[in-house]
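To keep things simple, chains are lettered A, B, C and D as they appear, and every chain counts its residues starting from 1.
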């Protein structure tokens, strides 16, 4: 993958297309070893450990006119899980199918046990975006961490640039897990899953302060992420990262940056369902007048 | 306090006005026993255990042209605390003063260690709103819980109705801890604190499903809160409450309501600094067409 | 209550004696407002804020030849609870009756759904031991905290001295929640509950470093407690307290005391079921040769 | 590696021998990529996915007459870390050297900042014991999980049998991280680290209920482990595993097994410092008369 070149690619949905109707249950039609397949890894020319990889999403669009969501036994935020282990039986396993109207920008929620229907805004994003981890680890695409991965934040939409610290030569960038939309927290563990057509362009940033955890930039916001359990630690990571970033961009002292972030941050939960949980901390760029992040790569990539 | 009557009241700031300048440090000028003084408790006529108290905020306005924020030793989300106990020395104790321009709707951040200044939107709210707890407990106004209390959510602004389960005759409603604005999470532990002039009207709801945890309603959103540690449990409370509320308002089955909430909820962290932490879960009312919450009291109170 | 005088008292079991047979279910026979009744509060002559109250248990003996244990809906460590809220139905509610053979020092476990029986050692203790909280709070006897309360540690047995920081004149000491025995963690939320005959003697320690969290001393161990959620914070409190205590007793530097504690501490979980969870950290006194804690009050009280 | 054959092997210490004196600081002499080197992986003949690998430790003995412990910046339970991220500076980095007297069975603690010395019992164990993870992951030897790994429990001593679920052909067993002794929780993050001479014998158990999480058996106890964050989840895993194991060995119903475990379990914290935390739950075999675990392999291996 060459920096600066527009890449058109596509991704499978997290079930590799095996969940097609409300009678397809994940535990019956999917092999757990092949859940959440990724597109990649891509070798990014010139990327070396210590660099920062910028990934700008030009467009993210559902490949099909429908998406699916499910519950999965012992997975989700309001159920006992393999880690939050309890003596309860699993909640029922169900599958919902959403019609997607790409022209109208809507996805239709259709209740299973009653006639309730409601249209929700289409808001496509990638749940999983990452590079190879440090320490020569190989991680499941279900896991989020400091390499990115399965962060499941709705902020990963078109128009956003994601920054990832490079751990190995070529970065080994991959993406997948398209969501037609997702609530913050992804409570039941599964968003409106669909295959995606995605256009993106990458850039390799040399000489910047290495990015310990994934960051995002939109036209209006700088964002940090933390992925850990409990959610408290995900919050702490995201907020210390935001304090440090603000400090770097403004020359504020640590305590002054802490204060400014305390009064301005937005803090949406991304997911509380994956192997670790993800919190996003956001600051509006208008509170940082004159600041330019990451050598202004977001502005360059979005305007190309 | 008589239901249906507009009440004009006011509250002290959380330091009882003792922090006036950047040289006033909380540990020197405040007695920890008298931090976060409340206005009240008010006996609400007709309120009985099992009822729900609705508190609609008509207006919340700073009484003075300035607010203060501080750090406090061993308090905040990015520091060791009395509960997240560590061997570190406390972070430095500092005080910031914010000029408030009520006409322009701005509060001015002024860095202590450099010349950095930036105007932030004024967004007044009450950090602490509650009734008497159950089980005859008497709780510090620093604590949030199922009785409300120090939830520190920026959603508690004018135009919002807060619902609180009544535990004792007369409910014993109180409020305080005005914030000229606050970031989500209130990372350093202290918002832009100021005394407030507040207009509110209360209503007692009889015969509704009792409200186990505080809820909020604005013109556009239904919101639930959970206050617990870790943040995971606060999330779980807020989201199960939202699933149950949606279920009640729509006749959806549990799993259908879980699914709808999963794809639509917003989940901002309110605070991660108090004795327990607070998470808010929100669903846009437009996804619940035809639903009427709490006997439509929000609509009645806002339009009065 | 006069310091230095042997007190003979008794306590009700946590159900106030209302659970008598396997067909008595807590949710049917108990009023939640009156769960876990305490004996006291006792006004301790001479106790003032800043002092430390030492409570030495001379003997703790079951008043009757049987105890009971139960499950309680949405209570316990392996089930969804009011705070770890989920969409599961509660686990089944059951009651077990244990015969207590005081002479043989045994309690008999008797399975409900099969003929399985096994004798367990009698090991009587008090789950709830405390003083009045700080900040003029009034807390439920179900809650543990820095005032003591419902810590549910099996270390609170005869022969042990418990140290509690005094917050109000007279300390207002109380105790209850006798357990014929208890596993570490008290997983299902209820131990082998029974009324107790208890002999104790108190002492007021003046001029010692105030005890921020309850501590215990036996003939062989110094112990600290921390009560918080998550269990991580309970661990952090107990261990920082132990490091500080060792430091005070030995003149070791902070880092040296941290090192010594790291290689020697025992760390049993006390309970993971109450409103906050309790962890105990223990160091054998033989690793602190020559050290004398709390003005040697344990030695004086045990030998009296 | 052939099942049933006594293996004599040895392991490096977790610093690969690079920390030799009190002036060797980990951050200066060690490369973080090579911390905690393991011996192995060994291909165990006949081991297949779904089997259980039994590893019986015949002897574990320090190879040298000394061990070392250290603090490491942003690592440990009483400090801010990379995950429990805060704005504090790291605690001081220090190194302690322990003389080991193998004949007397003692390790000598020697304070750095004073003349304090005390002898502690030698109690050798392996901190890291594991097989290849599931889902084709490759994990750092710093991580504990359901494959075993860096559990850091003092129970992993000679005379104990460790049971591990096999995920790949040949199991790919490895071990390392010898500790001359360790406190429960390993508070500062580093035990008394030393190279070890270790004798062990493995067995492959076919047809047993697969072991979801590592288990241990000694002559007197059955033990389960859970590794997760927060510690609450590690507790929940260990205790549900113990309930399920007791149920399987005794034919008790789930609720009866939950009750028996609740009154008998010991629950020491193993570590609260690694990438996830480990809790052990133990039940004395004498409370399970007649029960035989894992086809009695512990008895066969210990008596060989």
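The rule is simple: a contact is a pair of C-beta atoms (placed from the backbone, for glycine too) under 8 Å apart; a residue touches a chain by one contact, two chains touch by 3 or more.
Here the structure is a predicted model, which is why all the values come from computation and not from measurement.
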Touching chain B and also chain C, the following chains: A, D
Interface sides of chain C and chain D: same vs different residues, half threshold: same
Remotest chain, chain B as reference, centres from CA atoms: D
Averaged-CA centre spacing for the pair chain D and chain A, given as whole angstrom: 34
Chain C and chain D: spacing of chain centres that average the CA atoms, whole Å: 29
Separation of mean Cα positions, chain D and chain B [Å, integer]: 45
Per-residue overlap in chain D, given as positions that touch at least 2 other chains: 78, 84-87, 91, 229-230, 232, 236, 239-240, 243, 258
Chain A-facing residues of chain B, complex: 69, 71, 77-78, 91-92, 94, 96, 107, 109, 111-114, 116, 118, 120, 181-192, 229-232, 235-236, 239-240, 243, 250-253, 255-256, 258-269, 272, 277, 279, 281, 287-289
Residue numbers on chain A that touch chain D, as the complex places them: 32-33, 82-87, 135-140, 142, 212, 226, 228-230, 233, 236-237, 239-241, 243, 254, 258
Chain A residues touching chain C - in the complex, by the definition given at the top: 78-80, 84-89, 91, 230, 232
